[in-house]
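Everything on this sheet refers to the single structure shown next.
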């Protein structure tokens, strides 16, 4: 019987000819990524709870400090130091302050056909390159680090057939939020979201990352695109080669199929406190905001910064708004610097930070106060995610966020008047 | 298993509510556990006693991969989490650290915070307010991890 | 008898022909600076005192810098308190994310040579770089000034510091002021004014002078002043008037002490943990491993500092496992450093460049450290616990030294 | 003339304002919230041990560093009756007077006094300790005025026609 891309990747990693939904397989992991959200716990368990502490293959490991950067407290600093010292001692690739983990993984590591565990839920991002990336906890990560392997329940796959092309002023983020609003926050629980169709061909790797990244917000185990010419060219430009390039078989089994016409997608926003509470952006216009955030592993790439900069250029951020602009990585930052985007943001009155997770993870940098409202290109709008439990987070596209920062209230880019 | 009090939460209960980001980098789970469910039930850590149950609706534990979420519940002595459905990373994490997570479609709608319940993992049944509910049984592979006391215990078994 | 610079400024301010050290006089305040940490307290005291308006709202400047970007929920309360106070009393000069207060006060043109200025931050001494009399006060006195426009001061004695000759290439004004603080001691200038003069000082940029005036407080000084010159005029965007041009310490003025240095004698130095006056030559400290380097603050976060760091790091990388955090002093500095390529060089070398603000220097965020870590920093204080726990070792240095240490991963002298 | 007796806490030279109250606590809502962190970088337990009426004796340059008025306010809130040091940093000195916290300079006491023992202070005259009198200077007149008014806030209230 035919297999989906996800099933093929698992079969290859398990060293079996066939994998089908519902099977449990022991798989060899190609890579493991761990960030400062949990690595200190993994390191503690490694030292304190293992009878035979060892690392199967240090070269499979990547440690990335991105959540609280620069550090905001001695406790944060101690957690990061633990991670740094461990990486140094064991020869593990270590990145600090160079960007959000998923962006760094995509820029430097991920290859089509790989099976990757990351101790972060948005590890599903790697499907943009035809890899199977999925988020795990720190115990799973530890198990993988020690053995080089783990167990996987082969997930069912949902097919998302994309047709048409996004209109001007509508972005992949609008598309993905629309999909999540449509299928709900648990609409793809335990399942793979496979994106295909002509519409997929209109999307760049960066665009695909936006879609895959948010798949976990629909409960998905991962999301995946076929590693087509667009993906392979992207990979080649970065000097990497695929592990394996898979297509889903004609007779592969899908648990469900959806079709989305890209040309029908409108700018949308997710309302507090659920990612699937998605409405047309126009419906939330007029909500006064205190802060706006352009960044994150979902929407902090060069294309997003270009969109944001084109909107704030020649304009000033509203007096009562703090507009945080946080490029997703050092590469993105340097490109933005080269293109003059950083200067445009600075000129407009924005707060431009070093690449890191920033207020998307909501623990320190850019934290918002009691009853404050944030409009964000981040991944989540959970209750209190960005600060005080009474504060509210709206999610929107880079364009909507930048326009709202200028206006001082939620608005779409086309509503800005000069 | 013994009788415990129920703390009930809503659908799509996310990991940020179980333990907020700002506490994740505290040095130990024990320091974090005081902040469990802080945004929803500021007194949760003070009120919960070992053997109590957390009951959720659909998609319990959605959001981030923070293992601190099941970690703080286990550290507070929560006997099991019972929900209509679970988000997958939370589910996997809970099993990996030896915290029973039980799928039960009917029970959540029939109970409220403060009610008592009883759970039998071996029978796959739960009792609350004089009624018995059947629960979905764990796949054998996961059952085994759980019965060994979690993934690290099973790893240490292999080290023999 | 002749007058020192500070005596001339105060005498003119109070409309007297002359003043002498020890006189207690009431000044008319030209400008006040209110910062984000103190604003809620200022507002409370102002109300408690029973004032209903600010004597001259145009003379007040409110700056958010210690708490930008926010890192704790309390920070937001301070923004709101500041916004409400500014709105209620008509303060128009409000900077919410433009950089560090002391940088903005001169850079944005709020302080001119000869002004009498007070701020709710001890490094308010900085404005002496353009020949102003400026010093830090508490929030209660600030509230009183806002209500009355006046503040009493005791005319300070002046210590004159003459630096002749030329500084070596690898020496920055930071090395000069650190050495002077070491020589004077942390309380060596308490209640006194420092007055800088000499060929080496005349050659310095206004930015370099700012570094020195900024750190005068670390010797306990009430203020520190430089004679305004053409560089000052250009920096302030003014033509000096007779009074300003005449802000020179008279030869026959009464100085309580005169120190003379030769520029050539200076070497790169560091202030060692945990006193600013614990000065050692960098060459004596070489080899100590470094975990983090911080380049920024109102002391050394200016364009020339970033350019110097970029020059040292050009084509090099920050040592593995070492963090380099660069926090420009102001939005303008950031933009100029970006335009001239310094930011690019620094980021390519591995620096994290944050938004302008106080950053790590004030110890609330921006790169806090933990037990056992050592940081080389270009700011003004290395007090116990200032950047994290009491077991963090803070070494203060110039941007050139700091950048060299970042590349080496240990303490080294700049070339 | 005012006279009081109190137990002594001895601190060293150059006790800076970051030691008295670290920056990380400066944005707490009230001085009451902050005071538990007083002196924490140097002596984490001290704030909990100080009792109302105690006296701090220190070396030179007490209160150097920042202009944070929270420093004298925290010390006052902890119940410290007065500080006797070899010398004080000037902003701290002004801030203390403005808040009605009594400071006195005394060059020799610090070198002799032992922590935990009692001293008796005769304001503007001398300190008695272990059978010896240590002279105290008088404060300048303009500061005495502020102290007599009960601090700067009260002085301003009177100026503005409010009850002091």
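So that you can tell them apart, the chains are marked A, B, C and D in the order they are listed, and the count of residues begins at 1 in each.
Throughout what follows, contacts are C-beta pairs under 8 Å (C-beta built on N, C-alpha and C of every residue); 3 or more make two chains touch, one makes a residue touch a chain.
Keep in mind that what you see is a predicted model, and the values were worked out from it rather than measured.
Shared contact partners of chain A and chain D, listed by label: C.
Chain geometry summary: the mean Cα position of chain B and that of chain D are 53 Å apart.
Remark: chain C and chain D have CA centroids separated by 27 Å (rounded to whole angstrom). Rounded to whole angstrom units, the spacing between the C-alpha centres of chain A and chain C is 41.
Touching of two or more other chains is recorded for residues 72, 75, 77, 364 of chain C. Multi-chain contact residues, meaning those touching two or more other chains, occur in chain A at positions 73, 75-76, 78, 364, 367.
Each of the following residues of chain D touches two or more other chains: 24.
Taken as a graph of touching chains, this assembly is arranged as a line, each chain contacting the next along an open chain of partners. Contacts between chains, counted with the stated touch criterion, involve the pairs A-B, A-C, C-D. The part of chain C that touches chain A in the complex is made up of residues 68-73, 75-77, 79-80, 83, 96-97, 291, 320-321, 323, 325, 331, 334-335, 338-339, 343-344, 347-348, 350, 352-355, 359-360, 364-373, 388-389, 392. Note for the complex: chain A touches chain B at residues 24, 36-38, 40-41, 44-45, 49-52, 67-68, 73, 75-76, 78-79, 118-121, 123, 135-140, 142-143, 146-147, 151, 153, 185-186, 189-190, 216-217, 219, 221, 274, 276, 361-364, 367, 380, 382-385, 389. Across the interface of their complex, chain C is touched by residues 69-78, 81, 84, 87-88, 94, 96-98, 319-320, 322, 324, 330, 333-334, 337-338, 342-343, 346-347, 349, 351-355, 364-370, 372, 387-388 of chain A. Per the touch definition, chain C reaches chain D in the complex via residues 24, 37-38, 41, 45, 48-51, 66-67, 72, 74-75, 77-78, 119-122, 124, 135-141, 143-144, 147-148, 152, 154, 186-187, 190-191, 217-218, 220, 222, 275, 362-364, 381, 383-386, 390. Here chain B touches chain A in the complex through residues 12, 14, 16-17, 20-22, 24-29, 38-40, 58-59, 62-68, 70-71, 85, 87-89, 92-93, 96-97, 139, 141, 150-152, 155-156, 158-159, going by the rule given at the top.
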